[in-house]
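Order of writing sets the labels: A, B, C, D, E and F. Residues in every chain begin at 1.
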Amino acid sequence: MKIVYLVPGLMPDEECRRREGMLRAWAAPGTQVDVAAVDEGPFSIESQYEEYLAVPATARLAVRKEREGYDAAIVGCAGDPGLEAIRELTRNMAVFGPGATSFLAAAMLGNRFAVLTPEGEMTQSNQLLAIRAGVRDKLAGSVSMGLPVLSMMDDRDATLKRMLEASRRAVAEMGADTLVIGCMTLAFLDFSGELEQATGLPVVNPASSTLKITEAMVACGLAPSKAAFPLPPKMADPQKPVDFTQLYGRRE
Amino acid sequence: MKIVYLVPGLMPDEECRRREGMLRAWAAPGTQVDVAAVDEGPFSIESQYEEYLAVPATARLAVRKEREGYDAAIVGCAGDPGLEAIRELTRNMAVFGPGATSFLAAAMLGNRFAVLTPEGEMTQSNQLLAIRAGVRDKLAGSVSMGLPVLSMMDDRDATLKRMLEASRRAVAEMGADTLVIGCMTLAFLDFSGELEQATGLPVVNPASSTLKITEAMVACGLAPSKAAFPLPPKMADPQKPVDFTQLYGRRE
Amino acid sequence: MKIVYLVPGLMPDEECRRREGMLRAWAAPGTQVDVAAVDEGPFSIESQYEEYLAVPATARLAVRKEREGYDAAIVGCAGDPGLEAIRELTRNMAVFGPGATSFLAAAMLGNRFAVLTPEGEMTQSNQLLAIRAGVRDKLAGSVSMGLPVLSMMDDRDATLKRMLEASRRAVAEMGADTLVIGCMTLAFLDFSGELEQATGLPVVNPASSTLKITEAMVACGLAPSKAAFPLPPKMADPQKPVDFTQLYGRRE
Amino acid sequence: MKIVYLVPGLMPDEECRRREGMLRAWAAPGTQVDVAAVDEGPFSIESQYEEYLAVPATARLAVRKEREGYDAAIVGCAGDPGLEAIRELTRNMAVFGPGATSFLAAAMLGNRFAVLTPEGEMTQSNQLLAIRAGVRDKLAGSVSMGLPVLSMMDDRDATLKRMLEASRRAVAEMGADTLVIGCMTLAFLDFSGELEQATGLPVVNPASSTLKITEAMVACGLAPSKAAFPLPPKMADPQKPVDFTQLYGRRE
Amino acid sequence: MKIVYLVPGLMPDEECRRREGMLRAWAAPGTQVDVAAVDEGPFSIESQYEEYLAVPATARLAVRKEREGYDAAIVGCAGDPGLEAIRELTRNMAVFGPGATSFLAAAMLGNRFAVLTPEGEMTQSNQLLAIRAGVRDKLAGSVSMGLPVLSMMDDRDATLKRMLEASRRAVAEMGADTLVIGCMTLAFLDFSGELEQATGLPVVNPASSTLKITEAMVACGLAPSKAAFPLPPKMADPQKPVDFTQLYGRRE
Amino acid sequence: MKIVYLVPGLMPDEECRRREGMLRAWAAPGTQVDVAAVDEGPFSIESQYEEYLAVPATARLAVRKEREGYDAAIVGCAGDPGLEAIRELTRNMAVFGPGATSFLAAAMLGNRFAVLTPEGEMTQSNQLLAIRAGVRDKLAGSVSMGLPVLSMMDDRDATLKRMLEASRRAVAEMGADTLVIGCMTLAFLDFSGELEQATGLPVVNPASSTLKITEAMVACGLAPSKAAFPLPPKMADPQKPVDFTQLYGRRE
């Protein structure tokens, strides 16, 4: 089984390799996981605008990876930027987003989950994400750690401390019984163990859980429904099918 | 009052001018409406992928127009591509989308509205649009006319016939009491009068209604809430504020 | 365009003229706005009972105004008393209520709006109003200022102070990103500017916003759906149509 | 225990006495049920306008009956006109509406109930009624029999035939497992037995079920919550309390 | 009319007789109420597991009581354990649960009710109960008194004090306007009067209210819909109908 | 990793071994899957009553299996009988139900899933299941194949034909884009391939998908939240903890 983890923003090669290493350590025997990053994109994704910015290059990358024979792709951002669009463009490859997938995993574990987000107002994004995933009824809310994504890796202890504070708020104010890490940078810092220890709650890491659920779905032969995510009409026209690159043009 | 209508896809200059003429005819005395099109974008928008494709260039155009002194902008596609993102980037300009605005206008007129769409599976898009607009409870459903966007202008009579058939289905099968035109190309063909005549129902044209409601909101001094659509954190950082163009890069 | 603003309760003529002056100042060139008050009705509307009391005389006044040639009527109370009933009775005149209309305007501007109410328990009224308007999902809640309607005009400073306090509660406790003035007396005191200044949030004034949106709808040729608000069956009977005054009688 | 059944529209005395006889036959030993009709009101209630018309006189009558020592009152129209308003005005008397009460009774019996309505578009009324009652999730829908209220008593057989047809539609098209008679005139024709026989479904008669549930509630010492339906602020003011008749005036 | 109150867990005979005495005191003249307890079952019901444990023996008891000629049965636990299952097995006997019935009674009295629970995490149980009853929209929440069921009878004063504290939290934090006793042991301690006195809110006692509503429903000839709660297919097979005891077996 | 598949009803040993063989074929290298059946229980589960009947013995079996060192258990019935109760009783073992798990898997693949059920009225069960799983918004509906569970294995061709008919109804009448097999007997007949071929939709087999997702969750170290499914209070009492078998007794 071949799975590609798509990095939808600019990321240093070293960090891509580090994440690839973690993913490979989580993968089952027989699963090949590769990390592929876009050539152009946002520096990090902390707003809806940056989510949108990430889509075109990520979609092109996904289509290329399907042609290279991957069975599945993971859109490597907790906001699932462009997930539906990428599913429209692919024909057989199973495409999953760590946002929806980790929300649905949390729904398997409890009745009310809270999402820990780094900085910035992602509350509405997370609510829309829960609606798109179909589990709005179980979303207790979002709690911000008040830390910019790009600084989280600088001080591991400070980051963990902020996570614990946010988790306690999620429990006390929102009645959360399950936690979801709402950011891939956080996910790859992999504090789930410490957080579970400290809170006594299951902590869904979107990186590991999405990888393992993707493996599970591919093993079952399951991919997103083409009835739900059909090819763009222009690509599906049997008379004059076009390639996805022909959907976009520049004014002369 | 200065309003700009942003065309988020490639469109012949002649058609831009035709639409500008219609908008100017609808505008109140004292309102200047201009049509501005992106330099690059999708040829038409019939899928979620094409919606996403449209956002980056449209957002850049919106920011430029705010700097040029426009009071308001309309994102000229019935799917409101990137509406929240564009609202994040602008500081004072009021940005509206004909999708949400026409849905909310329909909610002012009846209890159950149906959306007429050209071709392709936009059902989920329209449901998400209704959720983002906040009027999900009044969305009766979407009915497809079964016509590609790009061919609708070729035969006006055939297009009207398809619209009537779709409208009758919306009434008979969904109990719709109000209709919304779910496509800007259709909107600028301006069949609302014929359709109202034939069905006896109010027909919300997203082009005219969004223009008039935008005028109303600007006249009231109302623009989208920055608490709801905050600047991306990187742009809001008082220490080292960045320009929106600096949020995106290319790998060297 | 001729719009009539219906005052559904007893109001001194001087205050009617003052409001008419404000409405005329807000109106577009070419719009004639007149204020017409009922001959009998409640002294103010602070309970559901007083809302009901207001309906019969207001409905009679609306029908008379349609016969006089008005294009649109606004039911001048933030609770929209009898809005659906008045829409049933009118045949072409567009009837709007500042309650539903300002809620829908707020939905155009943000994700969660709060309603500022004077005194008394209007929470359930506002929730039903949001349901009738179709935007329940965006109603964050109601906050009472703790001031009787009839005393609000006595001390402008005290009233503004209470509004600011209520607004802060709406933000802190309900996460509101948009405010709606939930009372027409407050609306015509016109504190929206000060409130926007102090809170940084958009403040929807139901008087000005409903006037401007009504102008917009009439300009688009849009009126409430007769499929949603049909004539009472007795009036619609083609055999023996009755006048609306014949629907009511007194025991001899 | 003394219960008054309030007739909110004009009704011949003979019919009032006939209904009183039926109610007395249904009542438990020890319950006194009286029928009291308004002096002025609509001839029948088939529209939202007529519902509103009925409220002022019915509310006055309810207050008078509380003063006369009744323990409970039933607002004798299936649309519960002004129920919340009447509950605001009364201090101890338990006020119930056959609309909400029969909907809640139906919710005790099955998962999806349908409402049989005589003529006219009461669909939205019934949905709002279900929302006010709190059982929207169990309302399968409304089916019209296509008969004017005032003609239902003329031909009992034809009326029953229409009811059976409507019931079959409710089962086949809406999956209803429980039926509610949505009109008091129908309720007092008392076809519930025949309808149950023919459909095999429980049929909630709003006349008998509301009477019996009112008896049950009064026996338990339960009346509507004054926290939910508080006195109008003007009446509750400890400084200068006013009588409910002083809430309304006429312009001199 | 014969009603049986089924005790679904082990209960000392003396306590069964005490409850029977209270039920008989509440019953109308002409109603015979008997208490019948299972031979085996949980000692008390404070978890979902104990709810499930109670069902098989209670269902057998219910079927036996139908054969003995009872008109109605009440499943004597506030969680309505197995209510739907018991309704499936009975053919004519009306089966009600004090959980759903008291929730629906509360919905008749106000807009937001809170449930007072003894100890343990019943929040999700109560939410599912509200969903099964169909009144989720009116459930404000659950408040725990922090007292084990089995110790509540030891110190009446301490129990009342805890109830008052929990009630105040329900009002202050959840905006409850109506209270429901969420435990039958509490219900038969019968503090409703004191609690109403202290809070000014209606307090629904599930023991008395379910008895009286059951009387009301039986008097109206109403029993749960067999379309909603059909016989298990094996019992309904006209070819080879089986007895309900034949649905279960032991491996040899 | 050790996973036990619990059979909650009586099942011939041969069939248990057949299912064990299929589960082992689906399992990853390194996963040990065993099938364990209860000693007593229903013959099959086609009603809510039979679901309840299955719980006590299944819960006892689950506790025994946790003591034997299993990492996870699957409650082998598509209705997830007693899932919450079993989760309360276990301390570390991860317990999943194929009902909720397959519904959540379907939510990962599309926007509207339909459940294929054998015979009998499981519609309400499936809706409650979707609510418990948290994905109600994506449940399109249930379609019955009209075949008793116990006869499905007799004629494979007839069973497949019925499944195809039901699937077509799910697409045409409910707009389903994803299918879920709603019965474990059907699941182990394993028609998913044929059904996907014939319909073009993803078909979630609850047997294979729940096994693979359970493997994924265990690999991530995730088990249901004890905050959501706490031990029954009697078992958690630090003073006098009791064994789960002590929660139930027999009258002497």
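Just so it is clear, a residue touches a chain if its C-beta (ideal position, glycine included) is under 8 Å from a C-beta of that chain, and two chains touch if they have at least 3 such contacts.
Quick caveat, the model's predicted, so the values are computed rather than measured.
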| item | value |
| --- | --- |
| Same vs different contact residues, chain A with chain F, by half of numbers used | same |
| Option reproducing the contacts of D-E, where over half of them reappear, out of C-D, B-C or A-B | B-C |
| Chain E and chain F, separation of their C-alpha mean positions in angstrom | 28 |
| Interchain centroid distance [CA atoms averaged], chain A/chain C, Å | 45 |
| Chain F, residues touching no fewer than two other chains | 111, 124, 131, 228-229 |
| Chain D-facing residues of chain C, complex | 10, 37-43, 46-53, 55-56, 59, 82, 84-86, 88-89, 119-121, 124, 128, 131-132, 148, 228-234, 244, 247-251 |
| Touching residues on chain E, where the partner in the complex is chain D | 26, 28-30, 96, 100-101, 104-105, 107-112, 131, 133-138, 171, 177-178, 192-193, 196, 200-202, 204-205, 208-209, 212-213, 215-217, 219-229 |
